[in-house]
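Each of the next two complexes has subunit A plus one more chain, namely subunit B in the first and subunit C in the second.
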Partner chain A sequence: MKRGLRIGDRIILIVAGFFFITPFLAAAEYSLRGYGGKGHTFANYTWIFKQIGFSPALFTSLRIAALSVALLLLLMIPTVVYVQLAGRKWARLVEIMCLLPIVIPVVSLAIGAQVAMPKTLQSTSYELCFFYVIICMPYVYRTLNTGLQAISLPTLVEASSSLGATGLKTLILVIVPAIGSATLGAVFITFAISMGEYALAVLLHFHTLTTWATNASQENLYGSVAISVGSLFSIWILLVIFAYVPVIKSALNKKKETVE
Partner chain B sequence: MSHTPVSRAPVHNVGGSVRAFKKFSFLGIDRTFLGIVPFLALIGYFFFYPIAVVFNRSIHDSHNHLSISTYKALFSGDYRAAFIGSFELAAYSMAISAVIGAAICVALVKTNGNTKRVISAIAGVLTSTGGIPLAFSFIASFGQEGLVTKALLNIFHWDIYAGAFDIYNFWGILLVYCFFQAPLMVIIFTPAVENLKVEWQEANETLGGSRLQFIRHITIPVLFPAFLSSCLLLFASGFSAYATAAAMSNGTIPLVPLVIGNLVDGNVIAGEANQGDALAMGMIFVSIIVFAFYAVVLRIARKK
Partner chain C sequence: MDLHGSTVEFHNVKRVFGNVVALNDFSLKIKPGEMVTLLGPSGCGKTTALRILAGIDKEHSGVVEIDGKDMSRIAANKRNIGMVFQAYSLFPNMSAKENVEYGLRVRGIDSAQRAKRAVELLELVGLEHHQSRRPNQLSGGQQQRVALARALAIQPSVLLLDEPLSALDAQVRSQLRDEIRHIQSTIGITTLFVTHDQEEAMAISDRVGVMNKGNLEQIDDPNKLYNKPKTSFVAGFVGTTNKILAVAHSKNEVMVLSQILEISENAPDIIKGEALYALIRPESISISSASKGPTVITKSFLGPMTRVGIDVGLPELVYAEMSSKEAKKFDTGDHVEVHVANDAVMVANVE
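Coming up: the complex of A and B.
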């Protein structure tokens, strides 16, 4: 429904924008307050980096998020491509399987993980990767599936194999680049969910960024607010950059065309 | 969110390897099944197996005898209160967020690409990473010392703490929930609003219909199934969310996920070892019922 913005629509968007931005601006102000609420400094942000537990927690989170992304792409790209090419009749099964993690509450999965997983796995924080793969699967499946439907997959595969490429070569050199923006979207959503996940991390007793932030709040609420504001804004910046990537890409291509 | 994958004719000539692969069969199952085995293995071991263990524990009592005593306990005392609390929180946040989110959707689809892209990006972050950062942002802005609280008091002379509201109680959590539920509504409801065709509005005008008639006879009937199914998703999301409530209340508010969290953390009363599992199964049952309704609504919508 493309029509000009009516005055009512403008009012809705402005009021909504105001309501949604205010808490974050207020939180940003709070995070900059000085000791005892006097004046404004960056002290709360520097406080974070002085904490002994902070950088291990941050690196644990980053490591788990990166591994989850890798594992998920490694599993889901071949599966979704395979289902679209040769395993059509399993498409419905895969789709339903990928929906279930949205249906089942994460807390229920966490309690199951605690009693069902072997001790060797539970003793390492890498356990979380597998569960992050599960909880991100619905979003990643959807993104990749939409991406693959937008390209003419059979034609590409046929062309590639008639030129002598093996299946793996076709996957890495032809299909993955063709669904570049969908892959990027999948990477982003997995990374964002993994970095912000709390329920599994705390219930399985691992020390990630989010559990560190909640523990720190008992000592210094200003610090916890600062880390929350920091993480929200950094993810937003990443996302806005990401949202503009297609725009930037097409702009660069146009530039290239004009140069050539 | 589109729920209809574009169906394509099966591909037969995708190189010889696929064709040769398809010829084999094992125990009556097509060999093409092998391609999704890694996927099924992972989701089976890390998803279905833990849930099955929870189910199995929930139907045994502390002496390892088959029993439904843990389920009976769900209908009395603190556990019943927790389910009621979770229902209320999910229902209130669903109702408020659905209305706000739908209004934003209607306005948003008329904006140009860049505005829409930025707003949906922000909505995406709020819904997917929400949790902990959102909780602390709200404690900071709506807490006793928060900027919003002070501004409302000084400018509008409205003391939000005069009534029942406290950022650490039910109403505070409800407020925060709306801030990730409304963006979720924007994300899942936008595709439906985008499907409203300009031609319909033009046809309505040509036929002499007013804007009110357009809303009454076209917009509402067309969007209603999508609205209802979005509401169900919001309810499920509000019912099962854990992080925000856990960070804001230290587990003191009666909500099912928080009670489960407390039980898992070792505050187990003797003889109730499997109570957490029954609560978890209770949440799963509620979610399955909600999603069953969701599937029914979608099916009805497609038939229309």
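Coming up: the complex of A and C.
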């Protein structure tokens, strides 16, 4: 029997939904206000694209976010797989190391990492990728670890190996697709954090979307809120796409089977 | 399908985990096309032997050979061994057909050829209409069928079955067990099967090896294993056996339940008058009505057969197995006379 939500659950859901959606709706409404707060218009959104520096800042942020995602997956997937398969004794240490960035203040991280960074990378925007990898590690480690615990990893690896696959082929063809949802989650978290990170970028004097938006907000307050709402909305769209990719793929498979 | 059976040999293989000897001086030769089952309780070393042959476990001493070739330096992915696991091991991101194709894909076989082969194998296991289904859309039995097809797709020299039926319900297990045997004997692949289910082992194997604490206690065809167990462990583990307190009547005879019976081969050194255990199958014991003497305590209906538990004045009940029709003559509380079939009996020392 399918049971509906209990009254208590519904109240909690409504209150939480209200708490979450109200500021967003208020910000969206504010971003649509016309000059002097009169009427509603999309002018603030079109204003964004007309600003000098917007496109370079956006592309810098996108490039940094994409590279951070790639670096983090390259680092974390093999690490977490190794820990789960053969390195159980290292699990605690790896977990602690991955969680450390949560307790290290950003200023300390920025200064320490800047000193430790190879000179060839210093002062290039790629430097930020490595910092973002560190910042995202706690969330990505947890996400991937949970994903791997949900599959019978040792059996899948042994099965793949007995069928003739090397470790790398097993990783690419079996493990990564098998934890697809967790990997997508990790991609989303890293992308969202990298796109929205401000403190490190401003401390190290990089021109990313967030630093540009802060500067731009001094000129047009409505426009700066439009930037925030636009970023949030874009990330929501990404989240919905990521969430529905497996559903769409599964529906396509079912359709294919029916045709066959 | 064109598969040839390979010879598999274990020579004095030993595997130790910490202080535990999982496999002790294990030697076994499997003939081409033969199906050998390793049977034993949990922790007896049967799965360890299988994993060593697969190349998954390499921390062992001794030699493993396939067709006379030493496997010590050959990695698991180069041994050309097909394996079906106890846990469902299909790749969740692939359809049934893609799973079967996987081994060929990693070998670089072109897609048309591997698709043809995958379809052939899915037909062999009766799942040609489920090619596009994902593992989560298949039942447990279907998943293990696909796993079998996947293992066979690479034309392995040896097939390893690691308790592939243990997660299935009784009816599917029995059906799939017979199908595995049929496929195995049809294509003639050398197979090593591991199970703790004696019925499964006896039903489908050419030979069954009984393992205990890392040692191979006995390996024989199922009939011989059941009727002529070489050790008390085998007698106790395979089938049901009464362990009845008896006395050595001579070096070759034992007195059990007031009968003098010949002692079978492989008996320990016996001194006349020594207390022993006589190991007797329930079907070798019959009962007849009597006005006094042993009492029927329990009756267990097993379908065509019934097992009757009798108090003969010893610490443990003696069990007799007879047709359910015959057992109708006796009720609990009845007095009976107990007869042991006049065959040679196996004995064990009283510890």
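Everything that follows uses one rule, which is that the second predicted complex is superposed on the first by the 214 of 260 C-alpha atoms of A that agree within 3 Å, B and C clash if a C-alpha of one lies under 4 Å from a C-alpha of the other, contacts with A are read in each partner's own complex, and residues count from 1 in each chain.
Methods note: a residue touches a chain if its C-beta (ideal position, glycine included) is under 8 Å from a C-beta of that chain, and two chains touch if they have at least 3 such contacts.
Just so you know, these numbers come straight off a predicted model, no measurement behind them.
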item: Residues of subunit A touched, compared between subunit B and subunit C (which is higher); value: B
item: Partner chain(s) touched by A:Gln51 [first = subunit B, second = subunit C, both, neither]; value: neither
item: Subunit B versus subunit C as contact partner of A:Ser161, first or second or both or neither; value: both
item: Which of subunit B and subunit C A:Asn220 touches, first, second, both or neither; value: neither
item: Partner chain(s) touched by A:Ser152 [first = subunit B, second = subunit C, both, neither]; value: second
item: Which of subunit B and subunit C A:Ala16 touches, first, second, both or neither; value: first
item: Which of subunit B and subunit C A:Ser31 touches, first, second, both or neither; value: first
item: Contacts of A:Gly180 with subunit B and subunit C, given as first, second, both or neither; value: second
item: Intersection of the subunit A residues that touch subunit B with those that touch subunit C; value: 158, 161-162
item: Residues of subunit A defined as touching subunit C within the complex; value: 151-152, 155-156, 158-166, 169, 173-174, 177-178, 180, 250, 253, 256-257, 260
item: Of all residues in subunit C, those that touch subunit A in their complex; value: 54-56, 75-83, 85, 87-89, 91-95, 102-103, 105-107, 131-134, 147, 150-151, 154, 160
item: Complex interface listing, subunit A residues touching subunit B; value: 1-6, 8-10, 12-13, 16, 20, 22-27, 29-31, 37, 75-76, 78-79, 82-91, 93-95, 97, 100-117, 130-131, 133-134, 137, 139, 142, 145-146, 149, 154, 157-158, 161-162, 167, 189, 192-193, 195-199, 202-203, 210, 213-214, 217, 221, 224-225, 227-229, 231-232, 235-236, 239-240, 242-244, 247
item: Subunit B residues within the subunit A interface of the complex; value: 1-2, 5-6, 8, 10-11, 13-15, 17-18, 21-22, 30, 32-33, 35-36, 38-40, 42-43, 46-47, 49-54, 57, 100, 103-104, 106-111, 114, 117-118, 120-122, 124-126, 128-142, 145-148, 179, 182-183, 193-194, 196-198, 201, 236, 239-240, 242-243, 246-247, 256-257, 260-261, 264-265, 276-277, 280-281, 283-284, 287-288, 291
